[in-house]
Structure formats: C-alpha cells, structure tokens
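Shared chain: subunit A. Partners: subunit B in the first complex, subunit C in the second.
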Partner chain A sequence: MKPIGLYRKFLFFSLIFAIATPVCAGVPTEKIKDTTEKILSIVTDPDLKGPDRDKERKALIREVVDERFDWEELSRRALARHWRKLNEEQKKEFIILFGKLLERTYLDRVEGYSGEQVTYVNEVIEGEYALVEIKVLTTKGTEIPVNYKLRKKGEDWRVYDIAIEGVSLVNNYRVQFNDIITKSSYEELVKKLQEKVAEK
Partner chain B sequence: MKRFDIELTVGLFIIAGILCLGYLSVKLGRMEILGSKGYEVYALFSNSGGLKNGSSVVIAGVDVGRVKSISLEDYQARVLINLSEGVEIQEDAIASIKTKGLIGEKFIEITPGGSETIIPPGGRIRETQPPIDFEQVISKYVFGKVD
Partner chain C sequence: MVQVLFAVIMFCVVLEPFPALGETEADLRVEVVSTFNGPRRSAATKGAPYSEGTIDESSQFRVAQGGAAERDTEEDVLRDPFAERDKPAAEETPDTIADPLEPINRAFFVFNDKLYFWVLKPVAKGYGAVVPEQARVAVKNFFYNLAFPVRFVNCFLQGKVNGAFMEMGRFFTNTFIGAAGFIDVATLTGNFGKYDEDLGQSFGSHGVGPGFYINWPILGPSSLRDTVGAVGDAFLDPISILIDPSGYTIAANALDLVNNTSLRLGDYEDLKRAALDPYISVRDAYYQNRKSKIRE
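And then the complex of A and B:
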C-alpha cells in the first residue's frame, strides 16, 4: 500500500467520524441558548420595566416561550393516560389552561431575575430526543442544575419537560393530576385549574 | 419390614424438610432458579443512590417487578428491571427512585404515561428521575445562606 492510499483512507474515516459524532454545542443547545437570551433581554430591558408595562412584558416573554415549548406534548405527558379519554375540544382547552398555569407559576420567578449566570454543561442527542443540561449560578453562589428535554418536531427542537435539581416538571403535574382525576373527575381538575389561574 | 417403614418415613420427612428449607432460602433471598417470568426493560439514572438488586418496582404502590441488576454505563447507572407479565409501560412513562418513608429503603416508582407506544421487552424507559439527595439540598441551603 502506498502512503498516499493510507492517507486517503485516514481522511475518509476521519470524515465519517466527523459526521457521526455530535458536535459539542449542537442545535438543541443553540435553541435553548437563543430562547434564554431572548427572555433575558426582555427581563433586563429598562424600557419594559415598571408595573405599567407589566402586561406587555409578560406577553413578550410568553411569545418567546411559546416558540420553544411544545405545549401539546407537555399537556399530553402531564395528563398521561387521561389524555386519551378527552375529545379534541377538551384537549385544546386543557393545553391553554395548563399553559396559563405554568405561566402563572413560573413567570414571576423569571421576572425576578437578578443577574443569575447560565452555563451550558452538556448535550445528549439520541435520535429525535435531546437533553440539554445547564447550570444556573445564583447571585448567592449556589448552582442549580436544570435539564431541558427536547424533541425534534420537523426541523425544530421543542421542549417537552424540564427537570430542576433532577425533579421533573411533567412528573410533578402527572402525579397531582392523576390524584385529582382518580379522586373526583376530569371536570373537577379543570375547575381547580381555572380557579388557580384566576387567582391574583 | 416394620423397621424399613420407619426408616423410609424418616427419610421422606428429612427430604421434605430440606426441600422446604431450599424453597425458603430462595424466596427470602429473592433468588431466581428457573428464570423469572415476565420481561426486562432498562433505564438510565444519573444517580441510583441506595437502589439494590431486588429492590421493588411499583406502579400506584403495587409491586410490578424487581430490580435485576445495576451497572455503570457511561458514568450513569444502568438499572435492569424485571417486570411481571402483562404489565405494559408506555414510552413516555417516568421511572423515579423514591424512598420508603423518610429513611426507608429505595424503590422505583413508575408513573404511567399516555403514549400509544408500549416499551417492548429489552427496551428502555427514557424518562427517569434520580432520587433527591437531601444532603445536597440541605448543603445548598446552608451554603446559600453565607451572607
């Protein structure tokens, strides 16, 4: 074998490996980074500060989050086996309601942003699923690990679950929803959620 | 003839006793001799803290299987679970490691999902939740209060 043939072979194999091994900061991480930066730019925008611009700011954040989150998948996973019993209209209603509940619960925390640092730790892609691990460094110096779980939808990556300190958001709601539905009924759950969302 | 009868009876009793002992030790030790019924699935946890071979796997508090083995794979815990026949786990089910009571033993709880796809034998439960490390949570709380 001539050295030139060996060199070609090496080039060929290294090309295969270059395609096969995922790049460190791949598409899912880029997507999460993009969304995070967009939200931070809204939260830190001095023009949008103040209680009178509250609604506008919240709507802007919601818009950015909607782009990245797969609300249907989140709702489906949270309701689990009860999801299949719903008709299309109920499903639509639930997706909106669940979105509002999460918005109510977490938006205030996002708005309470006070210079926390975000570092991107790891990314795992397996077929149409991806995991993006980040760490939030609070101003007090504690690190909070946050894992985003994404699923490929067309060309886009959408979040279907978040785990903070290893605790899954979907699992948390799945257990609670299941409890309420088995104790009473789906209608009762919707009523409870509506009350929660309407609370000031 | 009479003497032979007594010896035979004693022998039979001893054999029966040994069989009972064998059965007990297999049951208590949760050993499997003839291979277990059901099928196997596996799950990857970032931390399997305190889980052991033979730990129970439950759905809604009902025993549906046991942990067969725990090994290291890519610095994650690969937990092999043996599930009873007839138990179906959906593709979006979540397996979480929980503690019985505050300081009890660890077990795996599976919260069933809503997907139409069922995990086949040898498949993987993708969604997992490691046990909450109370020590870490407390230390975070403690060190978080520096100022």
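And then the complex of A and C:
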C-alpha cells in the first residue's frame, strides 16, 4: 500500500505545483497574462465576429492595449537622442502618432489570431524593470519567443518594449527613425508617420 | 572542396578552444551561463567596443547588475536593464549593422520585393490552395530534418556538445519514427531541444562580427560573415545548389522555398505595413535576430 500512497502524494503535490506555478510567477507576468486573456476573449468572442462589429471589436482591444502599454515610454525610447530636442507640443504629437502606428501593428497581429497557444516561460525582475518571456505556439507548429519588457509605474506595470524572435520593436523603430531624421529631418519623420497612420 | 570545409573548421578551432566542452548540463541556459564564466569574462568586463555574441550581450542578469552603476544618470530615463550592456539605449547612434553597400542593397530590396509579390506569392498561394497545410508542414519538417548535418557540426563548433547530441536524437527520432522526417516526432514528444545552429552563428559565437549587411537578390538579407558561413554550410547540406547544381537539387530547393513561403504568407506584408522604411526595418530585424540567435 505504501508505494501507492507515495505515488498519490506525488501526484497531489505535482498537481498543486502545476497549478501554483503561474500564480507564483509574479505581478508582471500576471499583468501580461491578464492583458493577453482579455484580448483573446475579445478576438474569440462569437458575438464580436464579422465585419459589422469590426469597429467595436477594435475599440475594445485598443482599450485593453492602452491600459498595458506605455506609449510615452515607447516613444521616448524609440526616438532616443532626438527626443530631447523636441518641445512639449511635439512630444505630445509624436506620442499620439507613434501610439496609433503601434496600436495598428498590434491589432493586425491579434486580429489574425487562429488558436495559437501561449506559454509563460520566464520572468526576471530587476528593481522597477521586468522581463516576461512567453512562447507562442502557432497552429503550424512553430514556436515564437516573445519578450515583454515592463516598467513599474505606481502599482502598475506598463510595457515599454516587445521583442519577437529577438527583434525588439523599439530598436527596430529607433534605427528607422534615426535614419530618416539624419538623412532628412524630424519634420519629414512626422510627415511619414502621418501618412503611415492614415493608410488603411 | 572538403579541404575548404576542413580549413574553416580548423580556423574556428584555432580561433578559440571550445569554451564549454564537456559541459553536459541539460539546460541550455545553464550551459550558456557557464560559458560566460569561462576565459572570455575578463575581455567582456572591459567592455569590448563591438562584441557580438560575447557574454555582456547575453547575460541579462549580469547586465542589469553591473551596468546600472556605470550608466550615466542623465540618460536614466532610457535605462533598460535587459538591453545589451555595451550598446545602451541612450547611445548617440543606434546599435545597427554597417551598410556600405546600401544603394545596391536597396536596389536588390526592390527587386526581391517585386519578385515576392509578382512571382513567389502567387505561386505559393496556388501551391497552398492545392496542398493542405498539414502536408506543407510535413514538407517543411522533411527539409529541416535533412539539414541536420549543418546543425550537428555547428553545435560542436560552438562547444554545444549537449546540443549536438540533442540534434542527433532529433534526427534519428524523426528519420526513423517520424517517417523520414515528415513528422516532427521529436518536438511532439518534447524529448529533444532544438538547436538551429549554422556557421554564421558559430563565427559569431567566437567573436566574429557581422562585417556589413548584404541583401542578396532572391536569397535576401545576409551579412558578410553569414554569407561566408552559408557557403561553408553548403558543404554539409545534402541538397545544396552550390555543391551540386543539378536539376534535382534545384527542384528540391525551389520546392522548399515555395513551401516555406506558403506557410509564411502575410508576414512580409505585416512588416511592410508596420514599417516607415521597410528596407531598414528588414535590415534591423535580420541584425537583431541573428544577434539573439548567437546569444543563445
């Protein structure tokens, strides 16, 4: 009887462990999880399917995304050294424009959701900064590592960068922005951003 | 031709002895960290100006702890403990790859763009309409499995002995149980880790920088280092056009290309839609992705 008892105990504890692991994962992971689940519930909601509910669905996702992403931090990091040269007015304008572009990019990605599975791999907290590593398993069987970088803001954690397959979004835009600004001007960058956001 | 490969291998060996030889820890992470404690540590703490693939880029913990004190407070707003240490976010010029061939590269970018939209995409779409997705995934698995020698040798070149055995396990599992590699049994059972290593990464792991960016017609983004690496890898690739430019290998490669494209339709379009300058965006994505692969 004893081995069976031991086996049961093992099973019991492994079960507890399996359930407890994500809970122990920490606040940043919880936040990312919460946002991901909210978005998934919107994209998989049968009531919100179809082109006639398009606007409503997008607005709902946008609300959830706005809550989690720190557009100002993202803008500042993407412009890097060029950020300091802007006045308050320009900064505000830029945050809105860049936020719109990122939102659209993000919306494009989640709108194409087709049953991908998300697993939470790792979490690193470094003072007020956190890194949440997840893996997305596509329906075609490829694993895509996605890293969220977050910063603590009050009691909340907000995303300041996402890296997909090692490619950081902020870095990618930083190189583009820097190239455009150094080759032409900041005004040209704003013009390009406006055109891009206006694209359907 | 074999001599060339041998020379390349010898070059790597001479350049630096395997840092983690004999390391058989199951976890890749552990293996990588142990490499950091090896001979290169001192070089990295000095802050090598350009050190792709060395430890300071890779160890996020160490970066976070060591980097904070040295960073100037004025740019504290851009602090990112998870970025690489020698290329902080606030640096004057962003971390990117040298691109002296930009005008030519851009011309080929336009060419490849047209090639994708006018030729490759329609063909891949038609192919995808005829061949079901599951079959296409199987074809992808088959070609991936076939290129096992490349990964196997490069695991060794990077001192990832454990990775080499994992890859060997994958290869035998998928070849014999997974119907000649069409079914990726190894991933399904989760027994073997994936080590997608190539010669460009092997060079990188030994401290060789990317050189400069090359956007090849048809083949797309590469660097000087990775181009040399790809030529070296061709000797281990059973269906390399470079080694055996016969009708069979050309057909096999064409199938591989169309098949892969059919599974990734929309990715390039998404990237283009999100980018202000798609050329720069692709270039940077290539650079960052390779860097992260070398770091692993």
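Just so we're on the same page, the second predicted complex is superposed on the first by the 176 of 200 C-alpha atoms of A that agree within 3 Å, B and C clash if a C-alpha of one lies under 4 Å from a C-alpha of the other, contacts with A are read in each partner's own complex, and residues count from 1 in each chain.
Just so it is clear, a contact is a pair of C-beta atoms (placed from the backbone, for glycine too) under 8 Å apart; a residue touches a chain by one contact, two chains touch by 3 or more.
Keep in mind that this is a model prediction, so the values were computed, not measured.
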After aligning the two structures on subunit A, examine subunit B and subunit C and state clash or fit.
clash
Per the contact definition in the header, classify A:His82: touching subunit B only (first), subunit C only (second), both, or neither.
first
Figure out whether A:Glu199 sits in contact with subunit B (first) or subunit C (second), or with both, or with neither.
second
With the two complexes superposed on chain A, say which partner A:Tyr129 touches: subunit B (first), subunit C (second), both, or neither.
both
Partner, of subunit C and subunit B, that touches more residues belonging to subunit A
C
Considering only the touch criterion stated at the top, classify A:Arg68 as touching first (subunit B), second (subunit C), both, or neither.
neither
So in the superposed three-chain picture, is A:Arg158 touching just subunit B, just subunit C, both, or none of them (first/second/both/neither)?
neither
Identify the partner contact of A:Arg57: answer first if only subunit B is touched, second if only subunit C is, both if each is, neither if none is.
neither
Thinking of the overlay built on chain A, is A:Asn178 touched by subunit B (first), by subunit C (second), by both, or by neither?
both
Looking at A:Lys31, would you say it contacts subunit B, subunit C, both, or neither? Reply first, second, both or neither.
neither
Single subunit C stretch clashing with subunit B - from 9-17, 45-53, 99-107 or 243-251
45-53
From the superposed pair, tell me which subunit A residues show up as contacts to subunit B and also as contacts to subunit C.
76-77, 80-81, 129, 140-141, 149, 161, 163, 165-168, 170-171, 174-175, 178
In their complex, what parts of subunit A are in touch with subunit C?
76-77, 80-81, 101, 104-105, 108-109, 112, 124, 126-127, 129, 131, 140-141, 147, 149, 160-161, 163, 165-168, 170-180, 189, 192-193, 196, 199
In their shared complex, subunit A is touched by residues of subunit C numbered 60-61, 64-65, 77-83, 89-96, 133, 137, 184, 187, 263, 266, 270, 273-277, 280-281, 283-285, 288-289, 291-293, 295
Spell out the residues on subunit B that touch subunit A in their complex, using ranges where they run on.
46-47, 90, 92, 94, 96, 111-114, 116, 126-127, 129-130, 132, 137, 140, 143-147
Please output the residues of subunit A touching subunit B within their complex, sorted ascending.
76-77, 79-84, 129, 138, 140-142, 149, 161, 163, 165-168, 170-171, 174-175, 178
